[in-house]
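Mind looking over this structure? Questions follow.
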Amino acid sequence: MSRLSVRKTYKLFIGGAFPRSESGRSYVVTSAKGEFVANAARASRKDARDAVVAARKAFPGWSGATPYNRGQILYRVAEMLEGRRAQFAEELGGPKKAAAERVDAAVDRLVWYAGWSDKIASVRGAANPVAGPYFNLSTPEPTGVVAVVAPADPLLGLISVIAPVIVTGNTCVVVASENAPLPAITLAEVLATSDLPGGVVNLLTGHQSELAPWLAAHMDVNGLDLGGVEDADLALKCEQEAAENLKRVFRPASEDWSLDPGLSRMTRFLETKTVWHPVGI
Amino acid sequence: MTTSLADVAASATTLRAFLHGLPGVDRVGADQRAAMLGTRSIKTTAKAQAIDLAISMVDLTTLEGADTHGKVRAMCTKAMRPGGGAPRVAAVCVYPDLVAVAAETVKGSGVKVASVATAFPSGRSSLEVKVSDTALAVAAGADEIDMVIDRGAFLEGHYLKVFEEIVAVKAACGQAHLKVILETGELATYDNVRRASWLAMIAGADFIKTSTGKVAPAATLPVTLIMLEAVRDFRDATGRQVGVKPAGGIRTTKDAIKNLVLVNETAGADWLTPEWFRLGASSLLNDLLMQREKLATGRYAGPDYFTLD
Amino acid sequence: MAFEYAPAPESRDVVDIKPSYGLFINGEFAEGSGTPFKTINPASEEKLAEIATATSDDVDRAVQAARKAFGVWSALPGSERAKYIFRIARIIQERARELAVLESLDNGKPIRESRDVDVPLVAAHFFYYAGWADKLEHAGFGRRTTDGHSGAKPLGVAGQVIPWNFPLLMLAWKIAPALACGNTVVLKPAETTPLTALLFAEICQQADLPPGVVNIVTGAGETGAAVVAHPDVNKVAFTGSTEVGRIIARTVAGTDKKLTLELGGKAANIVFEDAAVDQAVEGIVNGIFFNQGHVCCAGSRLLVQESVQDELLAALKRRLGTLRLGDPLDKNTDIGAINSAEQLAKIREMSEIGDSEGAERWSPPCDLPEKGFWFPPTVFTGVAQSHRIAREEIFGPVLSVLTFRTPAEAVEKANNTPYGLSAGVWTEKGSRILWMADRLRAGVVWANTFNKFDPTSPFGGYKESGYGREGGLAGLEAYLDV
């Protein structure tokens, strides 16, 4: 008699813990063929609110960590991900070779971003030669708490939107791909075992249309990545809501995740701080 | 002096602690404030008032090795009657050995005789020499003594030594007023200018003076600004008013008026008299007279019309 | 001895104000379709000129002209664009006094500031960005643009709306980088201060700038709204209130328009017990009374360490007693006129709220002229973070004084605002400056100085103070497809 498998309960990831939705709700996740795979937690607006609180709480520590430390932690995430390649490939489903390549690309993407932690300031900062007796230096700084609506691509896409946000010191609340949320929760398990402080990344599964507007309107969220919103009306609504506290918005865009990502996903959620000081004796 | 500052010079330690506890001076900010005040536009009636005020504040100075009785007498004559109905200057300033001739010449005119003493300009001699240098000048009839501080001791941090020298010279002055020359060009930083100002005032200076005129930079606007802040704050703290004398490098009417603006907007109107503010200068006087003439006649003046004594 | 400065007015003869002005579209002045409005001298309420109002049809014509010119302008070699912009910079220097006088007449700011700050910075800004025009490939904006091409491409037509506090300087901040990057512009100056922008249009003509590269449309808020909403505008840049910034962000939502906003502020100017006190006092004065406090980055909240508050406030009040308020054209004026009756009413209202909330109001003895819009330099002490005068932008010569005990408390109070444009720190301790600068959530931190600006230095805010930067390398990003 074959052994009955022990299934995993897919929960949310908030503040480094794995709670169920406070609403007690879940929704059915199916495979490409329409078969039942799991019941994913269906996060509510209150879960989103809790996730923002966790992200805000984590912000001072994470943004205050040295870039070297952040880079090491992101690299550690890549190491942990590498160790679970088979699991992720299986969760992605589809042809095995293609799935494995997507997982490898996700690991490589993390490694790429990890290295940016202590280089972005050199590339995006500047020593400004002002016309006067002043030392004047511009440095990029993280915007704060960023809400991310993740794209449909459940792993490479997800990594490609989380990594640029957190590598610079932001913390985030991520709404995972609605149809393929399970790799996000497995990724949360990776994050939880990678020395990433709790609350830096918070993952919500559920309905994009239910969660995104609350995050877009939240007055303690500083940035909004709408890259994964495919419904133009929803995107419009979210961007309009985001105007209330002047969130920095990354607009929906179709992306080829295999390309060089460029800097735009990092720079969108960076502020430039310029410090002046007189030069004298 | 109120009790709050009486104990400051009780020991080298207390004096040092006090001077180092004074607020710092940001050089760039001080320079900008002085430069901004330098943009004040003083025209027409205000300019006329300023020119006469400036003339009345001049310490007409000659401090050359080649100074003679004749040179000093000529300068004193001009000091009393600069010409064109201009007011007399505040004082003449000469070396100690020429005080007697200066005092005799200006006698009864109201023009004071000031003398640089204390091994001017370097101050590199013993306290005994400095005190006797001072006593000599006072005995010869000097109303005011312009002493130099020991910049070497100051830069070494031997503030008490500088303090005690000022006290000793002040004692030797008797009734004569004591102007203490900081030689700010050698103190190098504005923090030092502020400390030296307070040091001199605590030690009993009646005036603090920027420079000997023998070291560049001399009386820059920011240095005068800092010294004006010092006398203002000193009066607030102790109730005693101390005068300020920028000297060296003030050559034009514009320079002089900038100084008056500085006084007006820093220490205030109480200092805008020859009793509390002086301009140590020589060639400045003729430029003031030329500008005065221009205001009176509406024509630009020429140097041939002004005496060169 | 009292020393009164005689009046020293700058001559008005250098400016030649026409009775009426049209719109500047496609290189020519044209009638506006709306009802003209008048612009006045806020120091005397005298009418200066009649100004055309651009309707949405007029704005459309301007955008079309800019669109047509975009093809020509963006195709020019960068080195040629640079030379046009250098020409503009030089003409501004040649006509500097004229621009300064006109700015002071229309805006009410002291001639000392328009002459020594605004206009020199305007010329410097054009000079700086001119030099970028043929170096954009070296600006380092990464490998890929959104259309997959490498390199730095302009966006197209920029719609720009600017405020009345630094009319010509804000024009320079908008137009210089836009043109350098190869964009064309439709700019709307503020309703109360259109004259220097219209003189700038003449400067464009003198520089032989191709028609349509710069278009100036005058009018009130509706004109600005038409610029922002125009479907053929690719880029919107706005400087002004956070309230209007929000509306603009909503308007451009769902479009492809790139948006930068430079909005309000409520900056903390933090003075520690070891500060260079005389320079700190100057910094406080410069922070809140520069340009009558009509400055988005004004140091409107003074945070002073409790151990020195008495001495500092005494020194500050003594200093305020020397401020000279009056005729903006007098070269000795420190505080000019409030820009408009509306703004004066707002400042009065906020100050009355300060009174009613229990803060203590103080002003130096100060005679206000009878005609025109005036408000004395004002200090409120005993202010708490919960007071509205500590939270809301007053945009006038009104300082709110709060206290703190420790550096951490100073940071906490400084950051306790929805704004994040600027901050000031005064201390002689270097490590503390850097510690504070790290933690202050503001786009510009002035340490031991305040209200300093330079074309090479990025300026812009965190949080509700807007997004994007103007100035420096960062200022290019707003006008490139990167």
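Here the chain labels run A, B and C in written order, and each chain numbers its own residues starting at 1.
Methods note: a contact is a pair of C-beta atoms (placed from the backbone, for glycine too) under 8 Å apart; a residue touches a chain by one contact, two chains touch by 3 or more.
This structure is a prediction, so every number in the text was calculated from the model and none was measured.
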Arrangement of touching chains [line / ring / star / complete / other]: complete
Two chains sharing the most C-beta contacts: A-C
Closest chain to the centre of mass proxy, which here is the mean CA position: C
CA centroid of chain B to CA centroid of chain C, Å: 44
Centroid distance [mean C-alpha coordinates] between chain C and chain A, Å: 36
Distance between chain centroids, defined by C-alpha means - chain A, chain B (Å): 69
Junction residues of chain C - those touching two or more other chains: 448-449
Junction residues of chain A, two or more chains touched: 134, 278
Per-residue multi-chain contacts in chain B, two or more chains: 26, 28-29
Chain A residues within the chain C interface of the complex: 64, 123-124, 126, 128-132, 134, 136, 138, 143-144, 222, 232, 235-236, 239-240, 242-246, 248-249, 251, 253, 259-260, 262-264, 267, 271-278
Footprint of chain A on chain B - complex, ascending: 26-29, 31, 188-189
Residues of chain C that touch chain B when the two form their complex: 1-8, 112, 116, 274-279, 282-283, 322, 331-332, 428, 448-449
Chain B - residues contacting chain C, complex: 23-26, 28-30, 32-33, 39-47, 49-50, 53, 226, 229, 260-261, 264-265, 269, 272-273
In the complex with chain A, residue positions of chain C that touch it: 124, 140-144, 146, 242, 245-247, 249-250, 253-254, 256, 261, 263, 418, 433, 437-438, 442-449, 452, 454, 456-460, 462-467, 469, 472-474, 477, 482
